[in-house]
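As structure tokens, here come the structures.
Each of the two complexes below includes chain A, the first together with chain B, the second together with chain C.
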Partner chain A sequence: MKFNGLMGVALAALLAGVGSGAAADVVKVGVVASFSGPFAMYGKQFKDAIDAYVAEHGTKAGDHEVQFIFKDDGGPNPDQAKALTQELLVKDKVNYLAGYVFTPNALAVAPLIDQAQVPTVIFNAATSIITTKSPYFIRTSFTTPQVAAPLADWAIAQGIKTVVTSVTDYGPGIDAEKGFTKEFEAKGGKVLDAIRMPIQTTDFGPFMQRIKAAAPNALFTFIPAGPPAFAFVKSYADNGMAAAGIKFLGTGDLDDETTLQTLGDAALGIHTSFPYSAAHDSALNAKFQADLAKVDPGAVANFASVGAYDGTEALYRMIAAGGTDPDKAMKAVLGASWESPRGPITIDPKTRHVTQNIYIRVVERDASGKLINKEIETIPNVPDLGLAK
Partner chain B sequence: MTTLASILMDGIAYGMILFMISVGLSVTMGLMRVVNLAHGGFAMLGGAFTHWAMAEAGLPFVPAAVVGLLAVMVLSVPMERVLYRPIYRMGELPQVLATIGITFIMIASVNLWLGSSLLSIRLPAAMSGAVDLGFRTLPTHRLYVLGAGVLVIVGLFVLIERTRFGIKLRAAVDHAGTAACLGIDTSRIFALTFALGAGLAALGGILGAELLPIDAYYPLRYMILFLTVVAVGGLGSITGSFVAALALGVLDTAARYLFPDVGTIFFYLAMIVMLGLRPQGLMGRA
Partner chain C sequence: MRQILPFAVLAAVAVAAFYIFPYNLAFLTRVTIMMIFVLSLDLVQGVAGIATLGHAAMYGTGAYAAGLFAIHVWHDPLAGLAVGAVAGAVIAFVSGLFLMRAHGLTLLMLTIAVAEVLQEVANKFSDITGGTDGLGGIRMGRLLGVWKFDFVGQTGYVYAVCVLFLVMVLLKVVIGSPFGLALRGIQDSQARMRAIGTPVARRLLASYVLGGAGGGVGGALAAQSTQLVSLGVYSFQLSAEAVIMLILGGTGRLWGALIGTAVFMTVHEVAASVDPFNWLFVIGALVLAVVYAVPQGLMGLPAEVKRWIGRLA
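== the complex of A and B ==
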């Protein structure tokens, strides 16, 4: 069915080309993401968000017909991501690329897009250095330091003077620890202990005991969503940390909207910082979620949906202005600002990364009893702090 | 002193969870001699059915857990008849391949049915929260797991060592042909034992879900954990699995208290050392 559709569009494009020049050309966007395996959530969120955007804005960007081609890289798999990207470039002759959930996947395709000069919008992969690897990368998600440092500022403002950091022992965890610690100590806070936890662990009792023994005002954590985050939050509640006066500070990865409900009562009252909450109070966010529900009734908006939605906006802007000319397209989007469901955003012309508000949120139950990330404080216009050294 | 007591308590609690999720494998792989890599699949199915019964059918925890347990045991009977009968007769490597295939089918089915997100099992108020022990607190849930673990090991010991069913089972495992000649219905014994193993897997999955949360990829995520416990304990020995689970639990917990940065290496070092000293496992039969 999809194949027939593709053929039809290709034929139409061919006929149109013969008949009337480039007036009704088709611009192709290849989307590489995980549509199967343990990380299939990302592919689904991306596709729903693109569908919602297309439902709102139509299939035309300026004079150009936009067509999306989806490819499944199955998870953190740089070889597969590279092979699929190559196939999209050579066989499908795409003019733009998008998606990329994982840092290694995005890094693997940098040489390809550089050589092919294809503008590429990263919807998620969150390590700072990615955008430095090719001038054709732009990113509409967030980076770990961008989220961690504002939380340190806020903690100081709340009178939190001492923390214990406990992060998962891998790249993003260490980025978060450094980002938080640097800002926290610069503002006069004290880190009593820095724990790096093994990545497979789901029994956090011992770490909670150790944190309790250090008796800080708060703990700071970065822990990937999924089983570890679930067990960590449970462990925080079960070990009576809140009663011992130790506040919970974390990045919003651990309680994103697709996993928030499963955390249950244990999550009530924890503080996280993140660029997007589904509970963000704006007309645009309400409309975005209503449109998402139209394309997929079971859809839940989270950071991946909004990364893809804003990424699609960037693609449409580039296609409308540049068509198939990559440099004209890049120029159209660098420095551009617009209102997103997450709030106001700008594509920083220097880092090609999104500058955005970071929100401090607290987990609460809304009127219908659902858990939400309620935004209680806004830190406006935060750039990617990972590169600004 | 407090640290030592904390290590022992957290370690035993963790070890008991390891025991609960591994004891079913100790039955199927240890007693029945099938390399059943789909063990985690049965645990995951138990958790998935329980999650479904709570979230979709609105049952409270205890009836939902019973639904999960029974659903897995009922499902395991036709599976044993159709899938596992031929597997019993295969060599070890074909058994590994066949059961890992079954695991993938289970993962894909649950993924299709309930999606790839976490399948939470909310505990009743009586089982959540923490108990104050004076010098520290312990999650209430761990006390229940401790109790369940003791019940399971006593129950299994009585069943296998002290009942007619146990005698028949041991006879059927040692030599199916001779046992059949003596009038023992070996295929019925095997079907019942397999259902018992699957049921124990489901129970472990449900009770351990606080620490090892259920999702579609559960069977692969924790496969090494189950296999380690059974291998270190010794094939065919329930008591061995029990001792191994507690020892590994305490050791892993001690490492996390004292050297958190070194990670899970102690767990595997302990496995290598124990298997190096006793290749048959702690209580394995030579």
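== the complex of A and C ==
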């Protein structure tokens, strides 16, 4: 069992009690995420990234001591997320909130943070509308349309004229389908067929046959990482789709770094678009991964960890400039730009969502034989396209 | 007197909790709501003996009904509660018509299936339900036109506790009635009850509908206090956890449902706040220990302790 976090909190509480006479003020940040259950991966990625950031920058932001309090919402569970957030606000009196893996959880706390005026940095939840629900929301992850539309542009530029879309039949999948289709058709492409696949499907043979019969230049897919993504990629290879001249295009959700190795040879040559690849070639990214490995030797950098890392940067900027004043804090971060492990990013002052480069990547083996998402093209400074409807 | 004393204790505990934990009202409200849900499950499973792992079907339907009612029709909380109860009862009636023909494992599987089907329906009609994003934008009016739902959650807590009392009293009355006795008889031996002329299928359906209404009330309260309904209201996990809480406290006795829920959720909350990363171990150990040492559930603890002492003496 890990008691380090607990000891840290206890120690900080003790210090705060002892040193309350001294000037060192503590600014508290509540982190609500999934640390248990099937989505515990997200919580772990968040915590590792926060720990790495704190290891690099220290526990002080400006003149303020920063203290993180972690709470487990156990998955897409808005009741729990809201109750925990309420507790953080009224009992622990946190000045900032962060985390939130799932859209319903983030939406459930919107009225709270609005009323309490607490700046909240969303590390993951990827539906466009969230940031419109409160002026105190900032998001450092990405939205599905932000990733899908640039891929459509790139496909057109590659001479791809027809596609079949096949997405998982739930909110994010449908967002991806809409985002891709709108852009692709606007640029003169043609969608021959739009397939929505049930969430639990792992047998994609019939869908592949249907796609093959339609004979498009490419297929576009959105599938969340996990067993279905693995089965889909394998099915694409087994059915000889590449040989039939049908290219594989998808959002990077399906081959994020934590699951990439399990996809195996079947994944070689598929194209995905995403804001972050662990193979992004920059000194900062290399340092980020080295520091991650220091706090947790088994850590793998992926979109969730970089979302949390940049989110922590946003928190530190806000705390340094605003302390416990929410409006000063928001002002400090809106419009701010900095270099992130994923590349240059800006917090859009209007949408409060991150404007960033979207990369088209191809799956390859690197020199050591590991699968990597190699960035082959950069679409610079893409804003959240989901709201600009 | 014996009937009233436990209620007095419950009232005292509820009031004491309000003053001792003024900063944990959101959590206490969740416990109270869960108690109502587990109580309704106790009627179905503990009293009538209907094995179910899909009680979330009624909870979820009540939640969506109350949420949609608040958004599109009227934001009055009590009206929403009634709508949730009716919705839960209706879905229990419709599904009960074919569920009550099955027994044992088949019944268990079918109850799971009903909840899963409803979840998929809610996912498909995302224009109405919000799908995976959840049904947001629920605004609650003042309770009885007087009390506003406040930030700290005082109104919400008092409201939920009052509803819990109402449900508890109603269930006590139901269980003590000839109808309740018939249900117990059915649990012991369906064949014998049929032989003495009890319409078994109809009694079971009636209990399922009543339990459904209770589940719907729980869901409606959850929708009103969270002001958002997600697909999770239909989740298997919710059904399963409710069964665990019931077994933990002891089935068929109503008070066991309350104790089991309180213990399970408190241990969960405390363990998860002490160590948000490994708390599941604690919950697992607790359930194992209780099921192993006190098969009757925590309600059976006094009798079990007496037995141990007797053995020592």
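In the analysis below, the second predicted complex is superposed on the first by the 366 of 389 C-alpha atoms of A that agree within 3 Å, B and C clash if a C-alpha of one lies under 4 Å from a C-alpha of the other, contacts with A are read in each partner's own complex, and residues count from 1 in each chain.
As a convention for this text, a residue touches a chain if its C-beta (ideal position, glycine included) is under 8 Å from a C-beta of that chain, and two chains touch if they have at least 3 such contacts.
Because the structure is a prediction, the values reported are computed rather than measured.
Q: Given the alignment on chain A, is it a clash or a fit between chain B and chain C?
A: Fit.
Q: Answer with first, second, both or neither: which of chain B and chain C does A:T355 touch in the superposed model?
A: Neither chain B nor chain C is touched by A:T355.
Q: Is A:F70 contacted by the first partner chain B, the second partner chain C, both or neither?
A: In the superposition, A:F70 contacts chain C only.
Q: Considering only the touch criterion stated at the top, classify A:T346 as touching first (chain B), second (chain C), both, or neither.
A: In the superposed model, A:T346 contacts neither chain B nor chain C.
Q: Determine, under the contact definition given at the top, whether A:T162 touches first (chain B), second (chain C), both, or neither.
A: neither
Q: Return first, second, both or neither, reflecting whether A:T259 touches chain B, chain C, both chains, or no partner chain.
A: first
Q: Contact-wise, after the overlay, does A:Q209 reach chain B, chain C, both or neither (first, second, both, neither)?
A: first
Q: Going by the contact rule set out at the top, does A:P78 touch chain B (first), chain C (second), both, or neither?
A: Only chain C; A:P78 stays clear of chain B.
Q: After the superposition on A, what does A:M41 contact: first (chain B), second (chain C), both or neither?
A: So A:M41 only meets chain B here.
Q: So in the superposed three-chain picture, is A:T324 touching just chain B, just chain C, both, or none of them (first/second/both/neither)?
A: In the superposition, A:T324 touches no partner, neither chain B nor chain C.
Q: After superposing the two complexes, find the smallest distance in angstrom between C-alpha atoms of chain B and C-alpha atoms of chain C.
A: 6
Q: Where on chain A do chain B and chain C both make contact?
A: After superposing on chain A, chain A residues 169, 198-199 contact both chain B and chain C.
Q: Write out the stretch or stretches of chain A touching chain C in their complex.
A: Touch residues, chain A against chain C: 1-3, 5-6, 35-36, 43-44, 47, 70-72, 75-80, 82-84, 86-87, 90-91, 103-104, 107-108, 110-112, 115-116, 127, 129, 133, 169-172, 174, 198-199.
Q: Which residues of chain C touch chain A in the complex?
A: Residues of chain C touching chain A: 23-27, 29-30, 120, 123-124, 126, 131-134, 136, 151-153, 222, 225-232, 272-281.
Q: Tell me, which parts of chain B touch chain A in their complex?
A: Those residues of chain B that touch chain A are 6-7, 10, 13-14, 17, 111, 116-120, 122, 128-130, 136-137, 139-141, 210-213, 215-217, 221, 252-253, 256-257, 260-261, 263-264.
Q: Which stretch or stretches of chain A touch chain B in the complex?
A: Against chain B, the touching part of chain A is residues 37-41, 169, 195-203, 205-207, 209-210, 212, 226-227, 230-231, 234-235, 238-240, 258-259, 261-265.
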